[in-house]
Every structure is written in C-alpha cells, then in structure tokens.
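Residue numbering begins at 1 within each chain, and the chains themselves are lettered A, B, C and D in the order written.
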C-alpha cells in the first residue's frame, strides 16, 4: 500500500526554547526544507513517539518564514515531555489542521480581539498577521485578560502593541500583585469601554471555556452581530482527522470544521459553550 | 545511564502481587536490565541503606508501626508506587473496617487480643503521598510493565477511569447481568482486561471505583434484576471499604 | 440483477471453499442466546438463526486495538506507518449490520481518508443473510428501513426453506459464484418464492416499531434537546460504555503510544473509545464538556438520529437493538424514543404503514 | 568446646514469604532462648469471614496468601462444600487435583530456585546468579512462568485463581485449552530433568532430628493431596474432622507462641512429611529421581525438605499430564460449568452445618473449618496453616542444631539457622491467627 497514512508525522527540529512563565514555554520549530504554511488559528498535532500526541495552536504569524512557534502549557504527559526538550531536539508534526480565522472575510473590517489566558497563543498569530498587513484592516482593539500578572505571556510583544498608535491595547488581571499598575477585574469589565462600530466590527474571542458565555453576552450588548463574533473551541482531540469523535460537538468536528466558528454557528449546536 | 534503584516492601498483604513479578518469566531479565533491584525481602537477603529512586509498596497500613515505617520509606525515596489493591485502595484488609476494632480483635485472638495492636485499615495514599498506583488483586502484569515504563520515561500514568465493562465488551463476554448475576464491572476501573469475567466469574471491584461512579444507578440495576441491594453493598466493601475515607470530587 | 441458488446441504461446501482462500467468520452460538462472529472452519460451527452478535462485525473493519505505526527513536522521531489487513470473508451478516458497515464506510472514506480502515475493508468479502422475521423485541430495523437489504454486500442469501437464493451484487461476489461451482441460476419460480417471502415480511414488519414516521425523526430531535428524558437517563446510566462498544456505527477511538521496555521502540495504536467514558470529553484545565451522564446519553442518541442526517443523509442507528440488549440499566432505545415522541405529542400509531419506502432509502 | 556467647537476632527473615525473626541467645555455651517470632501484621481474616456467604469464602481466603492461593481456595471450597453437604462431580475433582498439582509445582519451583538455590550456591540471592548461573536463572524463570501459564489456562491465574469456586468451575477448559496445557507441561520436561541434574550436584547440610511426620494418607494407590485421612509416622490415623486434636494448639511457658504437637514434642508437615508417609505411591519417574539423589523414607534431615519438593515436582508434573490426558479422552462436560453469584444462582442447595477442608498445599496440610447457618452465612471460621504447625518443629530443630554448630562463626550459625527455616518454606504471610507475637526487649 503506497497511499500515505494520515498518521505519518513530519520531523520538526526545535530551533529554540524559551521559558515564558512558570507553566509555559515557547518552542520555535522548523520543518526542514518546507514551511508549515498555516493560516492563523490553525493547529498542529505535535507528537513524541512513545508518549503521544497533542493538538497545539500555531502562535506565530504565517508571515514568519522558515519556522513557526508553539506556546505550550505543561499540563500532562506530552506537554510535560515537551518541556524537557531543548534546541536541536526533534518532535513529530502533523498538520496544520482545521479552519483558522477567515482572514479574507476579516479584511477591510474593524477587529476586536478578546483573549483570556492561553487564548492569546492562537490569537497572537492573527494579531501579528493583522499588524503585518495593517493597511488591510480597519480599527484594531486588543483586550487581554489573565489570572495574575505572573501568567501574562509575550511581555515584550505586548509592550510593542501598546506602543503602536494604530492598535488599541488594554489588559487586565483577575488578581493583582504589588507590582501591577494596570486594571484589575475580569476581562468582561474591559468590553463596555471599547468604542466600536458594531456594523463593521468582527470580534475574535479565544480563551478558557468558562469565559465565552460572559464575553459573548457583553459583545451582544454592544450589538455585534452573531455572525461577526468568532470563537475558537478547543476540545479533547486525538486524530485531528475528523474521525476519533472526541472533539465532536453536535454535528461538527472541531478539528476539521473548527476550531474557529462564528457564534451564530456555535449557538445552533447544543452543548458547545 | 545509572539504573534506578528499586525496592519492594510489604505491609499487610498476601504477597501475591510480589509473586506476580516472578511470573514475568524471562521478561523479568529485561526488566532487571533496566532497573537495579536493591532490596526485595521476599526473594533477596541484600539490604540497602541509601536512598531509593523508587519503592514499590505492597499491602495496607494496619498497625501503628506500619504508619511510622511507611513515613520513613517515603522520606527515603523519590518515587513511591502503591502496588496492588491492598496498597492502592485498602483492598480486602479494608473489610476489617466493617467491624469495631475491639470486636474483631477479640473474635480472632480472644484473651490475647492485646498482643495485636491494630488501627483502621488505610490505603497507602491515605497516609503518605503516592506517585503511581497499580491496583488489582493481584496486579495485572501488563499494567505493571506499563507503569514501570512510564516511570522510566518520567511520565505520569493514571489508573484508567473507565469501567471494566469496556474491556469486558471488547472481549465479547456474555454480560453477567444476563445470567442474573450482579457484577461490579460497571463501577470498577478498567485496566485488568476484564480478567475475572473472561474466566466466568464476576468483577469484585478489586481495582477500585471509577472517579464518578453512579452507585445509586448501580443499586437500581440490582432491583431491576431482582437482586438484593445488600448484595452489592457487600461486594462493594469487599475491596473498597477504605475508599469511604477518601473525599471524592 | 442476478440471482443464484445454493442447495441447503451445500452450505458446508461453500464455507470450505471460502476457507481455502481466507479466514471465514460467521456467527457462532456462545450460549444464553448470545452470539459472536468467530472464525470457523466448517459450516456446522456457524449458526444462521441468530439474534445480533454481542459485537457487530465492525471488529473486523476497525479492530478493538489496531496498530497505526511502529517507531524507533534511536535516530530521532522515526516512525513507520502500519496498515494491517487480512483477507476475511464475513458470512451471514444481517441487513442491520450491513447498514452499520455502510455507515463506517462513509465515515472513513470521507476526506482525509482513513487508509487503515479502507485497506481492511477492501480485503473483506461480505455475504449477507436475510432475517425473515424479527430477531427479538429490541430490534427496530423497520423504523430505520434496514429490515430489507439496501446493498453493502458482495452476496446476499435468503433462506427459501429448502435452498438459499443469493443475490450477486459485486464482481467479487460473481467470482465466488463462478469459481466454487456450487450454484445454479435461479428460475422464475424461485424469484417468485423470494417475492412471496418479501411480501410476508412486509406484513410482519408492517408498522414502525415505534409510533413515528421515519421522516419526522430529525424534527423530533430538534425539539428534544432540553427533554426531561435525558435527566431520567442521567440517573439510570452507569456510564459503562456497553451501548457504544456494541453499536455497529460507533467508531470513536483513542490513540495510544506503547513503548517497549527499551523505551526507544514501540508502537502507536488506536483502541475503541466511548463517549460514555468519563474522560472522553475532558480537556486540560479539568473542564469536562459532557460531565453529566445524561448529556453523554443525549450525545449518543443525537449521533445516531440527528447529526448524521446532514452529513451523511442517513441514520446511524441501524435498528439492531444491541445497545438495549447490552445495557444492564435497561435503557432501551425504543423506549427512549417513545418517551421523546410522547413528550412532543408526535405519536402516529400507524407510522410506517402506508409507506412503500421499504426498498429505497429515504432522502432528507 | 569453649563456653561462648552467641546472640543471633535475624530481623526480617528474608527469602521467606512473610515476616519472621529468629532469636537465639547462647550464654556461656548454654542455649537460653531459641525462638522464631512472627512479626507479620495480623490481618483478621477469620473475623472478616464472619457474616459472609460460604460462596464468597474462597474468594476472600485466597487473599490470605498469594503464594498458596490455589491451596487456600481448594481448602476453603472443601470446607464449604463439606458444611452444606455438597458432593462435587468426578470431573470437578479431577480438575481440582490438577489445580493442586500446578500449585505444588509452581510453589516448589519458586522455592527451590529462587529461595533455596542461592544458599546452596553460596550467594545472597538469585540476583547475582543472573550473571554467574544465567542458564539456571533463565530455566527457573521459564519453569515458573510455564506453571503460571498453565494455571492461567485452567483457572485464569495462579495468584488468586478465578474460576475455581464452590460447586466446581465457572469456566471449563475447552479442547484447545487442554491441548495448550498439555503442550506447556510436556515442554517443561527437559527443564525438569535439568533440575534433577542440578539437585544431584548440590550439597545439603548434614543434620538429623527424628520427629513425627504428618500428612494425608489413604488406602488407594494415589499420592494423596486433595483427599484422605490424616496420618503420621507415629502411627496416628484420624478423620480430618478431628483437625483440632490433630493440630493440638498449646501454649508453651518459654514463649507466648502457640505451638502444635501430636504424639510427641513437635511434628512436621510438608513435602518431606508426605514423602516419608507416601513415597511408595509416587509416580515411577519421581521414585527413580528419589533414588538418583539418594532420598529414602524415613528421612529425618529437615534440610532435605527441598529435595522432597523436587521429587514432588516430578510427580506433580507427570500426574498433571496424566489427568489432562484422561480428561481429553472422556471429554469435558461443559454443562457442569457453575454460574457464579452469591447464591450461585440457587443451583446449590444450602443447609446449616460445620465443614472441614484438609488439603495438602505445598507447605503441608491446610485446614479450613466453617460453621454456617441455614442461609450459608459463616458464623465461625478457623484456618490452621501448615507453617503454624511447623513452627514448633522448627524451634526444636534449632535447639538441637545450635549446640552442634557452636564452634562455627556467628555468621555461619546465622546462615545455618536461616537456611533451616527457609528449608521449611515457611509461609508467614498467612498470619491468620496461628501465633501470638512476642515483642522481646532488645
């Protein structure tokens, strides 16, 4: 049989590893001889033979050539093992999988990014893409929330976004520490303060499961149409091929049909959020 | 590479789980190629005074001395494995907790009862922190090997949290409920390849209950089959009596 | 359409003929009215008068455990994909199970194609066998129009009493007919006998087993998401996973790595998983998207009766009744559907009676 | 001989199943203390059995000891069936005899190779043997695994067998299973021959003390393991129901340990006892092997218990094969399979009564006694394990041995005593209630 198994992995070389917080590390990975060619919002299945596979969002923008970045929180088997790797080590890569953010549709519109916790990881891919192609998009607002300042990722990049005049950036923490000078409170508290033109605004929301319900409520309060609210659903996934059933919600397989969906679509599927 | 220093200790138990090691056959030599067994009272006279990388503990804690001993072992080892049902969930020794300690002591030892200090039976994790759990009465060798490999690779290895029925069906057994017999498969953790049912017996729950068991549902099932509810209570505390002291999430 | 005849006493010869070229599996009695597809060497071992086997024939299409790759990491992340398959003749498959196989075929041929599944499928010859009456009270094949053959086989046998009449559906089936020299062409009278038998079946399977029209089922489920029925199932289900493991159209799996003791070589395999299992929908961070057993049961029913309608234009419930037979909590699929129907006031006691759709699958 | 002081205190006797301590105190050449103490955590099995159904007893008592789990299972079943007056079928009895043989074989091989051989080859445990005697270790593991695999086929597993219950078996071997077992057992023969060869080269310590040997006896030509009366080399013969008289537990003044005696100070059970009483009923191959290594009844060197075990291995192997072959001829009647369930699905009638099981397990006679009510619920349970019966004999051996070897070094004395205890293959984990523990001030 010479048809290719969909389970075949490509070898990825780790170019660098950076400790981001106590829980997260960033890995820069290259597929020798090729680009990943992903769209923002897509993910890859990262594999270590003998340990397993895990879906991880690509965090770097497609505009970055030659390598891509993953940000990994250590929670279990595979993620724990990844954290032990160093530059020069190999990982297996399958993908990219899924439907990323609909960049073509977003073009020409205003964008409101809402990221909670690790949600910034996949969003960063889109944000950097937008910044890299800034003239193609309207007004850009970025809202970021996390539990405490120590968990905040991409400090330098965030500072860069903050500096920019063509991007409005705001962030908050659930619980401050003595050094924190910024907002304190849930991410939902930042939304009312954003001025937006609901007709031409697309809201892109990524964060932990419990966040969606509350953020979406606030966005609907702002009259953003349901089909202009984009969210990413991260479910348990095994195959990435729309078969194993773990990520199925309603009729959709998050891995193939998602992870990015409009709220309009998600609302119609029972049990999605 | 330095081979990890491994030892075996036993508390109140039948030592059958240690014996399972000898049943590995020549595979044991491969295992011994990967680890360095430095103390194993049942088959070795050697003793080790230093630190251990991993200690396998068989048996439950039933005496005040054992409590002290297990604490000392915990302090001497990097990794601790609760090995077998007695260690993992209290196992059959837990049945003792069905009785008042004084009563059971007297019933067995009569006037000499005072020679036998005993405390409520406890699983190892109810006394000290445990890193790996291998339940089973006795342990299922493929699982022992799987945990050993996880340990060697530095990986976590939780006990499966689905029901024995899953494996039972994969093995295409006739369900015992069809025979009108109560089986603990639906609420017991898989991982033994439905060992007992494959051989015509029921599951006695020796691997411990799943994390979120529908015990009420299980009792209703008995009623549907006109089986007495005492029956399942009786079976459930055969191995899982100690578990009553865990606060389940 | 070509029909052939096989003498009753030549069944054994057919099995022997098949067994010369491949493994032959057929339903074998296990006692207590339980049956299992098992390898046989001669016809005596098989039984044709059986109720659906404990496990459906899916175990030959996607085995309980199936290696996907072997690996050796001594030189980095090197893996060799493995596609295991063997030649098998599946003998005596009922129409409900043929439908189950068709469901799986659709899922695994959808892009990205599952090469492991397809390689197995291509090595399997299927000989169907018609039920002339209900197997037991759990079956609901009429409701989902699987009580008569709708393709999905190489040969299909019907018992005419003193002989079998076989429908030849594929070139592979044709080959068996030609090469075994056991068959004769069916005469007009035989076809008439078959027609009489089918007519009789139409009487037996006159109405749907439950009072709802086939076409109304999606609507029933559209209305039932918040039904109290799920709360009832929540109390009763013990999440043993039997219902999904025995289901011919359940195909969820887990992917697991199993290293050898050297820790550098090993295999990656998949194993049946179940949406009823506690960990199935749990994600990092502890969130479990279907924490309640009732929600998992609802998911199961929707995956049989609602979700696949849009994607595959068919029900994934084959009507075999296995989930009801296998459930020790006696959660019965027919009863569940009836409760939903009653709750929505959608009862139609004559459902199915006028319909002539028995021969062709409905479209949505 | 110089008047010397010896203080031997072996804490945690290794390479025996379960925990025991040896305490020997010699002052000025005079033996003051000589004790074997059991420090096993008491497990209260007999207490836990109270209120349980006799149909569960086997499952629970099997957990008394993982090493002779099949033996406990069979003794428990016998006691239960005796209590309710159930008579097992011929087929069941054959299969139980087979199971007992497998247990005997398995346990003896473990003992001979992993526990005793290191002593005789002068190393601390079998681990160094992996390098020095690799083929021996491989053979040992292979043999052990084969025994285990045969048990897997017959009853699901050796440690805590699954399908052997009151009434019979929940799963009966298929034709293929019988063939598989035969194949495995026949494959064991070359290794068994090699084991006899090895034994012939080993030197057992010379020591003798005449004692009473107790084992099952019968009037037929079968080497009795599962059934029979209880007999002794001092001419006793009694029904198993009289087990209390036969074991005669008593308290001795110098220690708080309960001891057993029959016609004299102490008696011994186990392989050597069986050999001494029933050698003429052994399989011809076993007899030939006994001759080859020079073992004759009545042998009174306790160290040679290991040799007797070896002879029994051959007997058990050959007889197992014979049993399976007859089963193959008659065919297995699968209708006899028992459907398990607390009431065993009401297939087995229950009545009140008291029953005794007396079964030869690897270490000697194991007695279980249950008193049950008319619902089959256990009111009182009593288990007397072989090691409990042997303890007194071990102490008497030690008392005779120590003065004979006082000229040796402390290490040598310690080793000689450890080896003596190990020769009995004591199974102390079965700490049902057979001994009281004496906590000496150290």
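Throughout what follows, a contact is a pair of C-beta atoms (placed from the backbone, for glycine too) under 8 Å apart; a residue touches a chain by one contact, two chains touch by 3 or more.
None of the values given here were measured: they were computed from a predicted structure.
Among the remaining chains, those touching chain A as well as chain B are C. Taking each chain's centre as the mean of its CA atoms, D is the chain most distant from chain A. Remark: among chain pairs B-D and A-C, B-D carries the greater number of C-beta contacts. Chain centroids computed from C-alpha atoms place B closest to the centre of all protein C-alpha atoms shown.
Mean C-alpha positions place chain C and chain D at a centre distance of 52 Å. Centroids built from CA atoms put chain D at 25 Å from chain B.
One finds 39 Å separating the Cα centroids of chain A and chain C. Mean C-alpha position of chain A lies 65 Å from that of chain D. Multi-chain contact residues, meaning those touching two or more other chains, occur in chain B at positions 153, 179. In chain C, the residues that touch at least two other chains are 259, 263. Shared interface positions of chain D, i.e. residues touching 2 or more other chains, are not present.
Taken together, the touching pairs give a contact graph of some other shape, not a line, ring, star or complete one. By the definition of touch given earlier, these chain pairs are in contact: A-B, A-C, B-C, B-D. The residues of chain C lying in touch with chain A in their complex are 68-69, 71, 73, 76-79, 81, 83, 107-108, 110, 112-116, 119, 225, 251-257, 259, 263-264, 266, 268, 270, 273, 275, 280-285, 287, 289-290, 295, 298-299, 302-303, 306-308, 310-311. Residue ranges of chain A in contact with chain B, taken from their complex: 50-51, 76-77, 80-81, 84. Interface of chain C with chain B (complex): residues 30-32, 34, 36, 54-55, 64, 235-242, 245-246, 258-259, 261-263, 272, 274, 277-279, 293, 326, 328-330.
Listed in rising order, the residues of chain D touching chain B in the complex are 12, 14-19, 41-44, 46-48, 50, 52, 56, 59-60, 63-67, 69, 110, 114-115, 118, 124-127, 130, 137-138, 141-142, 144-146, 148, 155-160, 162-163, 165, 169-171, 256, 337-342, 345, 429-430, 433, 436-437.
By the touch criterion stated above, chain B contacts chain A in their complex at residues 153-156.
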